[in-house]
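Look at the two complexes coming up: chain A is in both, with chain B in one and chain C in the other.
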Partner chain A sequence: MRVIISDETKVRFRYPARAVGIVGAVLMIVSIFLPWSYGSGALDDVGFYGAPSPLQFAFVVLPVLILLLLAIPLVGKQRLGQWAKTVAWNTSAKTASLATLATVLIGLAAIAIELKGLVNIDVGGFTALVGALLAAVATPFLPDSPEPTLARVKSPTWLQILGIVLMMAGVLFAAAFALNQTDAGAFLTFVAFLVGVVLVLRQLGVMAWIGIAGANNNRVLVLAAFATAFAFPFTQNGSDANMSIASQVLIFAAAALGLNIVVGLVGLLDLGYIAFLGAGAFTAAILSESAFSTLDFHPPFIVVVLISGTVASLLGLLIGAPTLRVSGDYLAIVTLAFGEIFRITMNNLDGNDGPNLTNGSNGIPGIPDLEFLGFNFGDAHVIFGVDIGRFANYYWLMLLVIALIIVVFMNLNYSRIGRGWVAIREDELAAEAMGVNTFALKLLAFAGGAFLAGVAGAVKAHHDVSVTPDQYVFLESAFLLAAVVLGGMGTVVGVLIGATILKLLPEKLRFFSDYRLLLFGLLMVVMMQFRPEGIVADERRQMEFHDEDEELAEEIEEELISHHAHLNPERRGFDL
Partner chain B sequence: MLEVKDMVVAYGRVNAVKGISFTVEEGQIVTLLGTNGAGKSTTLRAVSGLLKLVSGEIWFQGARLDGTPAHRVVELGIAQSPEGRRLFRQMTVEDNLKLGAYSRRDTAAIRSDMDRVYDLFPVLGSRRSEPAGLFSGGEQQMLAIGRAMMSRPKLLMLDEPSMGLSPIMTQTIMKTIRDLQADGVTILLVEQNAQAALSLADRGYVLEVGQIMFSDTGRNLLGDDRVKLTYLGAD
Partner chain C sequence: MLDLFFQQLINGLSLGALYALIAVGYTVVYGIVQLINFAHGEIFMVGAFGAFATWMLLGQPTDWGVSASLLILLPLMLLGGIVVSVTVALLTERFAYRPLRNAPRLAPLITAIGVSVFLQEFVRLFYGRIPGFPDAKSAIPFPSVAGISGEIVRIGSVTIQMPALFTIVALAISTLFLWFFVNRSKTGRAMVATSQDPDTARLMGINVDKVIVAAFAVGAGLAAIAGVAHGLNYGNIDFRMGFLAGLKAFTAAVLGGIGNINGAVVGGLVLGVVEAMATTFIPGQFGSSAWKDVWAFALLILVLVFRPQGLLGAKVVDRA
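Take a look at the complex of A and B:
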């Protein structure tokens, strides 16, 4: 749905449109000093005069951006100089206005629902709504800006590094802020705000600039990302509620990265992957010091991790060896069945028929915390004056595991084995004709992916305290697969984002839990329609979805040119 | 060098190749001619280990070849440029070539062989980091041949390299094949373009519905009435 406004209309209305847009932005800025709701139970208490809530303070970023984008060009083209074309002033203002309107609408809807009725919206809420509407109606009447050239502006290394650091700081702040929203409405409003900010930054060309800065300073980017993730527990002040979610996200992400090798790189559809996580968890539980452990063998955790991974990968070999010779669809069915067989077997290994390994459906509770080199993961401690709780310990452990997985994954991806895997995904017969031992490589991927899931499962057993068969149902396999597909098959960053979304949203939107599956179904349908390659696209995979897509070819070419121009001291070819 | 004896290959219960025998001598260009469904591509696939034989034998350099898995066949020195090119379309030219050299581990030599391919086909060299899927048909065929050469094969099997190409591009490809022969590579060529194939070939075999009807030297077959009638469109 796109309203087309003719160019003549845009030229004619450019001044009134700008004026109305500015009025709208000012109204929204004013609105945060007015109460949005009667009473204070909505969002994060937005019912006060002159005292904006944290959410309102964050929100005001968007109207201020709109104001700047609309007001700065008023100084005239001469004084803007090259910046007139470097930044997409008008188009970004339009994007920001639409995003702001969406944010305001969600916020007001949340107030109306939480306080039961539209009457609870106070003068500030209406001011914001009017302002957002004015801006959203007016800005589309501004003439379109040319494509921003910000990404092509040369910048010194220190500025690029500063940009990366600022972005990471922003990510950390946003993550901490979002997680601290206990109110579902406030969380949703903030997420809408975040999506808006990201879209505006993309429109401005900031994202492309950061992308190039990141490519130029790859190590800095990776280090900054890990430093950010490492710093996260310090923002939580010892609160376990969010750290528990965060550590669960990382366990889920580690498993998803394992599945990403199988599905994303080699293209094997595994619908029973959760069984490998379960195998690791049960192995670790049985070998743990739990009073309900069924074996009298309790090696140190480092050994347990290796055993768990090995058990999982042996299961992978067991299921893979007979089935990997057949083509994709059969594999999907066999793995689906295997996932169920695993769960039912765990349910039945209760000593009634056969040995007692798992205590049946009761599973193994009371798994003690990890002990590692004399350090107990259950102990809280204080670092730099900040309380670090039990879940933060597990969070850091999983961060380490994920870092290792990423290092292995990256090295594999660009190695001989990785090339063979991608070749199998693209054309198995051709790969075979080139001398790729397809069966062995597929089996290796299957066992390797299972090993990673087994390791994640071993940590999960201690993290969760108890392991029961009903944690490993088919739905979990589906969610893992969804995380990989949603985030972007074959990429690391994408899968991490996908895993975060799929694990975080249900935790934060508990009131929605009845409709969770419906929501994910819709999300997947929308994604497949509009961005089938996932949130982050694998460079090698993009063509698969947009084959013979002229626009994309041009886009790639442009990107190459801009990248080239950026590396090249002499700017040329893009002065309009 | 390559000897096929009474080979029968089947898809399910249908025999696609019904007991054919032919030989390829070292340094020769040998061509298999035939219409669609004659069993040419099936023959190549069987030699490269992608299909199993129902009966018969394949010998390569004095050793029994049939039953060897495909990746071992490549290591023994037989490369195939399959029908329809079957490039890895999303991979770059460079990665496609690296895959062609998958059976080798001598990195430095692979590098220099890659440069040789770029010398042979300059267009590939200048666009080496672009995905193969973005190339034209002729360029893709060059890449397919280049990729097959990357394993340093003793025997190179080309399946319809001229398919879908312009006459000029076909000439370029045929010249490349002759150059390869001059470099000492033995070539088994499957073609529908009989004129082009026979003018290159030392020996040609004519296949029809899974059987070899007759064979002769390339020159003689070019003048053969039966060949003229069926494959060269003469009256």
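Take a look at the complex of A and C:
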């Protein structure tokens, strides 16, 4: 929905609009010192005078931003100098106002629902609502700002690194804060706030600037990202609930990254990918020291991981070799059929309908924790005075696995193999004509992706303690695919975001669990209509999905040129 | 031994007739828009629920005589199922698939998965909310139709369940109808023309949008008949029943040569017979009925390896 306000109107009303917007921002800032609700059952208690809750303190960032964006231009263009053009003052204020309104509305709705009734909203809530409405109504009357040029500002390396580090610290803080919201309303409100902040930062050009800084300081970016992820357990103070979610997210993300190679790079739609994860998990379970394991062979975990990966990739070869010659649609269904074959077979190998390997639908329970060089993953311990529980151990292990996958992925992406894959995805006939060995490359992708899933499955078996066939149903394959599609096919960051959203939201929004799949289905349909390239778009993919959109094509071209001008030309692949 | 063979042949044919009725929908749509309508299994499921709803609206008749049941109840239930299926299919076509007609082929396939999950969940969550209707979160017993349910026919030592016979007869009539529709009606011939060459068909004045709608409608109608047949054969319906049936029917369509309507019928029958025979004649543990789905899917993979164009053959579409 876009309301069109003519430029004339905007010029005429620019001063009153600014004034009303500032009043709105001030009202919202004041509101956090007032109680938002009667009673303490909603949004983690926002019912005090003069003592804002942590959530309110976080929220106030947006109104303060609006205030600054609206007030600073008042000092005049001359005094602002180059900054007048560097920042998109008005447009950003507009985005921030709309985001604030959305956050306030969600917060008030949460109060009304959790305390049963609109009457529970107190004076602070109404002040915030009025303020947000004022700002959201007034700011669209401001004249549009030109495109921000922040991304093109030359900045010294130390500043770029500082920017990256600050961003990562922000991500860590936000993740910890969001996960600690046990209340669904508070969680949703905070998520709305976060989305708002990200949108405003994008509008300001901060995201583009960070992107260029990251491209210039690739190693710093990667190291900072891993340091952040590594530090996450320290923010949890030994809380197993959140670490369990976090380690599950990482296992899911590892599998999704493997699928991303197959779907995102090579364009092979695999609808039975969960079977490879399952193959790894079952292999690890059977080779584990569990009392229910059916083989009397228990090698150390390092060997088990390799065997699990190999078993999975052998299955990949087995299914890939005959089917990769047929066209893409068939492959989707054949892999789907293969996923079903896997699940049914695991169900049937119970000693009754077949040889006993998996105990049938009971699966293999009681898988012991990992032992690694005398270190038991089940033991809790204290590092730097912070309790580190069982799940944190698995979290770090999965982090290592993911790091490995990302290194493989990035190196492949820029290698001869990776270029061959992309060529196959774009046009298989043309690729073959250019001398790309399409069959071998497709098979390699299939087996490689299966290997990664097998490794993730091996860890999952120990993490979950038990492995049963019904954990590996088609819906799980669909979820993995959704993580790749939602996040952005062919990108690492996108898939990580997609996996996090798909695993985290259901955990945090339990009251919603009955409607989870309904929304999931709807999301897939809507996503394909309006943003088929996903949240984080791979540039080439974006072109593919919008090949009739000339404007977008030019925009991306320009972006690419300005982007690559900043990169050092000798940068080839990816190194750590 | 020979009796067992004929018994399993009949069982297989009735199972196969069910697959064939659904498979036609996959084949017709694929032939024209090259879309694997992954949600087609759910159209079949929705048809069964539509027929059940018709029975509810008729006041849940349980004591109608044979002639009243066969001449009024059954046709009305079939009609109700067809109306619901066709409506849902046309809605998905209009709002989910049509906007993606020129998108890369990954997009409609993913949309189809989304539609499939959505329809299943929609029925599960909201069917029971209709006043007086049973909760659809678990299987619902399907009404019995006097003259069909529970009746059997004996030929020698071979026993034929009436619902199985109904499925086979329904397939025979539907195939006849399809043949006339495709070869004699204007819309049917337009469908053939469009599947052979959509651009030329458009130049010849064929409204391709209309043809696509017709393809979805025909497929959905047959799927609804299959839904009723499923209910009569197994005695209950379930929001999950479309997944496996859809997958099997797709296998049947590929088996016969996707895009080829006769192929879908033949493929369905062959698949049904193979499944029935496998559970009887494969010796040892692997012959138990727990493995029959594995054998069906193994057949799919074998066909794709050795004869990707299917038993009856179809043009191999490559839109690369």
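Here, the second predicted complex is superposed on the first by the 555 of 576 C-alpha atoms of A that agree within 3 Å, B and C clash if a C-alpha of one lies under 4 Å from a C-alpha of the other, contacts with A are read in each partner's own complex, and residues count from 1 in each chain.
Keep in mind that, in the parts below, a contact is a pair of C-beta atoms (placed from the backbone, for glycine too) under 8 Å apart; a residue touches a chain by one contact, two chains touch by 3 or more.
Owing to the predicted nature of the structure, the values given are computational and were not obtained by experimental measurement.
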Chain B and chain C placed together on chain A: clash or fit? fit
Next item on the list: Could you look at A:N437 and tell me whether it touches chain B, chain C, both or neither (first, second, both, neither)?
Entry: first
*Check whether A:Q78 is in contact with chain B, with chain C, with both or with neither, and answer first, second, both or neither.*
neither
Worksheet item: Once the shared chain is lined up, is A:G420 touching chain B (first), chain C (second), both, or neither of them?
Response: first
For the superposed three-chain arrangement, angle chain B-chain A-chain C (C-alpha centres, nearest 10 degrees) equals 70
Discussion item. Per the contact definition in the header, classify A:Q529: touching chain B only (first), chain C only (second), both, or neither.
Written reply: second
Exercise. Classify the contacts of A:S6 with the two partner chains as first (chain B alone), second (chain C alone), both, or neither.
Key: neither
- Figure out whether A:L429 sits in contact with chain B (first) or chain C (second), or with both, or with neither. both
Partner touching more residues of chain A, chain B vs chain C, is chain C
Across the superposed arrangement, the tightest C-alpha approach of chain B to chain C, in Å, is 8
In chain A, both chain B and chain C touch residues 427, 429, 544
So, in the complex, the side of chain A touching chain C is made of residues 263, 267, 269, 271, 319, 322-323, 325-330, 332-334, 336-338, 340-341, 344-345, 347-348, 352-355, 427-429, 474-475, 478, 481, 485, 514-515, 517-518, 520-525, 527-529, 532, 544-545, 548
Listed in rising order, the residues of chain C that touch chain A in the complex are 34, 36, 96, 99-100, 102-111, 113-122, 125, 243-244, 247, 250-251, 254, 285-286, 288, 290-291, 293-294, 297-298, 300-301, 304-305, 308, 316-318, 320
Residue set of chain B touching chain A in the complex reads 48, 50, 69-71, 73-75, 80, 82, 86-91, 95, 98-100, 102-103, 131, 133-134, 147, 151
Contacts from chain A onto chain B in the complex sit at residues 416, 419-420, 422-423, 426-427, 429-438, 540-544, 547, 553
